[in-house]
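Both complexes shown next keep chain A, but they swap its partner, so chain B is in the first and chain C is in the second.
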Partner chain A sequence: MSGLVTQRAKSAQRRDTQIGESVLVRVLLITLALAFLGIFLIAPIVTIFSAAFSKGTGPYWAALTQDDTLSAVWLTLLTAGIAVPLNVVFGIAAAWLISKYDFWGKSILITVVDLPFSVSPVISGLIFVLLFGARGWFGPLLSEHDVKIIFAVPGIVMATTFVTFPLVARELIAVMQAQGSDEEEAALTLGASGLQILLRITLPKVRWGLLYGVILCNARAMGEFGAVSVVSGHIRGLTNTLPLQVEILYNEYNFVGAFAVSSLLCALALVTLCVKKLAEWSVSSRQAKRDASARALAVPASSTVSLEGVIP
Partner chain B sequence: MTVRVEHIVKHFGSSSEAAAVADVSFAGQPKAITTLLGPSGSGKSTLLRLIAGLETPDSGRVFIDDQDVTTLSPQHRNVGFVFQSYALFRHMTVAENIAFGMKIRRLPKEQVQKRVAELLALVQLPEYGSRFPAQLSGGQRQRVALARALAIEPKVLLLDEPFGALDTQVRLELREWLISLHEQTGITTILVTHDQEEALELSQHVVLLNKGRVAQAGSPHDLYDHPADEFVASFLGGANVIKSRVSDGEAKVGTQSVRAPAGASEGTPVQAFVRPHNMRVRRPNGDSPKDLGKIERLTRVGGYVKVYVSLPSGESVVVLMSKGDLEALHVEPGDSVAVDVVDAKVFVQSYSI
Partner chain C sequence: MRFKTRGVLPGFGLSLGYTVFYVGLLVLLPLAAMIIKASSLGPSEFWTKVTDDRALAAYKLSFGSAFAGSLLNAVFGVLVAWVLVRYRFPGRSIVDALVDLPFALPTAVAGIALTTVYAEHGVLGEQLAKIGVKVAFTPLGVTMALTFIGIPFVVRTVQPVLEEIDPDVEEAAAVLGASRFQTFRRVIFPALLPATLTGFALAFARSLGEYGSVVFISGNMPMRTEITPLLIVTKLEQYDYAGATAIAAVMLLASFGMLLLVNLLERWTRRAEA
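Moving on to the complex of A and B:
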């Protein structure tokens, strides 16, 4: 027994010397990592909240309940509320098409889906100005019918939708391609229509991937600055989203206001991350539960496979 | 309840590539299990998917119950399809999986429940209705898949390598179980497999496919005993190939001469296909030494011994003999032996390489 213990201790020691570095190096590396984390992640978040509350809760609350800020909150929610559902629909359609069918130009389509990610958000905004602005392609037509897109809410929604498009689609394409089409084909031979297959088989299969994509898409939609900044025109109380409102307040040396609004965005991001974590945790715990029960079943399962003469 | 395909052609990718299925016609035997057998790439799975409607043929017709279903969507063909990968709906319980087709057909709830219970009993998983597929073993999953396919009372049952992903023991058990299940249901079944043993054991009618064409169709015995060509002979049962030339209307195979195919002229190269159990080794007994082979290796397989013999022509053959017979001979590797052929199929050698 004691021999076993010493053996274990020895092997543990050996493992230390094999994998681990010397104590000094270890302390140095950990300190470095923590310092990096502190400077680039923790400090900024702390700064936001401390600056926001630097003059107490009164001014903080006053900054948040300002009319311009409230309308920025409203516009941000409206934008995300339109962009996210649109991208869910487009994303499901694109992912379904790409993962279930083979057709000419499929690789081009995959590249195009990724385009909004590879282009700078400022360019994304400019695209819409060039299309719908006063001197844009559709400009004369739009002004003729008195429709305003650029420097108005429609432009903001369009730019946000464009920038956040790949988030849902990419997530779903990966999941759908990994899962294959066998279950859909089985449902088809069992008599299900295309819509029934989508609603009863495909969507339940990809629901966690979809949720994940929606969360990321929502986070980006609320926080988008570059593209929205180009198309918004920064009209107070009308075309300012939360990120734009932060910039304006900051440029006016209204630090409490700027950081108060920032803290709101920051809280939104934290909530988003928590929901994402919850979703992941729920998936993995379900998976673990299934694995565990599958393991538990393994022994009786093999004994139930004996088949001879059981059929009446 | 019949299945018939006529002159089916199917290409994948560009039409210049070889066809996956090239002009195949066959009929599944009503109320029997018909096997589509062939090596991988022979087009057997494609053919099955064409019957189910999961693929569309370039040309040709598919008939189910004498009705032309070539342009009918799989949704309306009413066939039961079982995949090698099981393809169970992973987010549904076993009972929900089985009920799926019936719910789509809007059957009354009580009827669905009753039928699910019956089917669970039929596939011997009565306690498993509330489990999820991930909680079942491979054999259990495939039985659920079968129950799900049977639930819609299909006109035909199509099985695509149903036991391919299972280990040998379970595969053998499920094979026997499938036979008794078929006896109970009597449903016209088409089974795709690359496992000749499975084909010979399960079905009364085998369609052997090679490179997208039907090589031979018939009863398992027919194919085994009277192979139509070299491919059939070599694919079924494994055979030694011995090359020879026609001389005086006969071809020399081992120490013996067998009749050459009719019409083969003097000197024509021929190939003899001999099953390992259709050969015997014996001690030389007045044979000319140039006819004798040499034992290279002995490998015991259960009650049998595989004897590897190199023939004077340089060809190696495998002879399967019972352990007792071989022990009576007292031979060892390195000994010279005569090789007798009990039965051989001789074909004029094709010029393809």
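Moving on to the complex of A and C:
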């Protein structure tokens, strides 16, 4: 484990000097890769911003401050404000469960947690229509009590929560499994309670993974289109989130408006990617630091005492 | 709680109870509702609904373009991963970060942006129109959108495997007289194959269900450019719940099949690494 980073750097150097490709091949491969990404990733981003500002900043600003757009902003914030905290609490519980214990059915649970990823967004909306729609399971009951879920805000929140459900859990499970539970077990022997361990050791340890999970979950919650479009009913000013507003403006040939709203969502996506990069850097720099201190201490492997069996 | 086999930290019961409750309420209950609804149709009715001409055309387009898009991603994904891991060039970390864009960008935004780029008067669409290639509102447009959606999958599964390959084996191949291309084909590629297939399967599964980025560029003509998720939406809008559910059940079955395949592939990847 120790010195993995430096070893990797050394092996990369060795590859470069002794067994690398010729400069011509390298340039060719890099150009090909960049051309592919340019066509599929860069061109759309550039288009979003250039179309949004194609008539200058005045129409851009006017499009964003339209009443319908503002109410879409508000609904989007509300939806993410409910869905994200729910999934964060779930993510922490699920990651704790999966990374700290072995139990029967663990791999089934992991598969089920990932399920919403493999379900089409349209189907994610459909299942809630089947449950709560006018002709769904609970439809008659709901209309009796005059509660509206489908074509109303609660349905949008439910569908969004479903679609973004695994995002925090996934990030945290990966980070917590990689970091192990040595510190937590040490805290336990020193008399810390479960809550103290969680708040003062585990969460600070995984803070970057948690931050990225939250930001990604938030970006997806604000940007969800398929599932929300099935349950929303597209009522202007009432049940339109930002992505649905983009669709409406686009279909009305209001391209400046559609791309102005898109530019907000695209900026959110770019910020999300920045946070991910920062999280990766901080993890790898901490890993390098830990490697360095491990070498400095140079504790012989045999002297590490396993806590297993010591604690009742 | 006898089925817990390892772990000394407190909170097992609480976290298990909460996780199972939340998963059950939010994921399993709604999915069960759909499966029960679909199975209440009766076999012959179900079969007619899922095999009418319009549905068959939609499956063909969805599976075909998802396959083509994922295949394109398998080839270019390995190339991008290779370039990012092996070479240093200015802007490398920005490019590396941008690979995840399709995860973070709302699909509707991606959809209208791609449509604008590839429309007849778009930046790239205009050039392609000159050589007689029409992208927007054709099956090719659907494939392009699905390629966009699938970009991160192959890159992100291949990247870590490529980082772990020991240079010794490549050196050994070079010492034994293999050319660089032979080394890639006979030594590196076999090591990357499980991860590439996993990424391909993940991209394929995601593409099958994709909706937002496709509906704008496809033009949505029944029998020609109508993908399966859109057919489900259309049926829902006509209040044909039974028809929508039947086709959704077929798609769900396909996604579960893909999930199983991905799990098997990941097991193979881990074995190949060990």
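Convention: the second predicted complex is superposed on the first by the 247 of 312 C-alpha atoms of A that agree within 3 Å, B and C clash if a C-alpha of one lies under 4 Å from a C-alpha of the other, contacts with A are read in each partner's own complex, and residues count from 1 in each chain.
In the analysis below, a contact is a pair of C-beta atoms (placed from the backbone, for glycine too) under 8 Å apart; a residue touches a chain by one contact, two chains touch by 3 or more.
Quick caveat: nothing in here was measured; it's all calculated off a predicted structure.
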> Looking at the overlay, what does A:119 touch: chain B (first), chain C (second), both, or neither?
Replying inline: second
> Looking at the overlay, does A:23 come into contact with chain B only (first), chain C only (second), both, or neither?
Replying inline: neither
> Looking at the overlay, does A:222 come into contact with chain B only (first), chain C only (second), both, or neither?
Replying inline: second
> Which holds for A:165: it touches chain B only (first), chain C only (second), both, or neither?
Replying inline: second
> Looking at the overlay, what does A:191 touch: chain B (first), chain C (second), both, or neither?
Replying inline: first
> Taking the superposition as given, does A:33 touch the first partner, chain B, the second, chain C, both, or neither?
Replying inline: second
>> With both complexes overlaid on chain A, does A:182 touch chain B (first), chain C (second), both or neither?
In response: first
> Which partner, once the models are overlaid, touches more of chain A's residues, chain C or chain B?
Replying inline: C
>> Looking at A:108, would you say it contacts chain B, chain C, both, or neither? Reply first, second, both or neither.
In response: neither
> Once the shared chain is lined up, is A:201 touching chain B (first), chain C (second), both, or neither of them?
Replying inline: first
>> Please report the chain A residues shared by its interface with chain B and its interface with chain C.
In response: 185, 188, 193, 307-308, 311
> Can you list the chain B residues touching chain A in their complex?
Replying inline: 52-54, 73-81, 83, 85, 87-91, 100-101, 104-105, 122, 124-125, 132, 134-137, 139-140, 145, 148-149, 152, 170, 173-174, 176-177, 180-181, 184
> How about chain A: which of its residues touch chain C in the complex?
Replying inline: 8, 11-12, 14-15, 18-21, 25-26, 29-30, 32-34, 36-37, 39-45, 47-48, 51, 90, 93-94, 96-97, 100-105, 109, 111-123, 126-131, 133, 135-137, 158, 161-162, 165, 181, 184-185, 188, 193-194, 197-198, 216, 219-220, 222-226, 229-230, 242-244, 246-247, 250, 255, 258-259, 262, 265-266, 268-270, 272-274, 276-277, 307-308, 311
> chain B touches which residues of chain A in the complex?
Replying inline: 180, 182-183, 185-193, 196, 200-201, 204-205, 290-291, 293-294, 297-298, 301-302, 304-308, 310-311
> Taking the complex as given, what residues does chain C use to touch chain A?
Replying inline: 3-12, 14-16, 18-20, 22-23, 26-31, 33-34, 37, 76, 79-80, 82-84, 86-87, 89, 93, 95-110, 112-114, 116-117, 122-124, 144, 147-148, 151, 163, 166-167, 170-171, 174, 180, 183, 205-206, 208-212, 216, 229-230, 232-233, 236, 239, 241, 244-245, 248, 251-252, 255-256, 258-259, 263
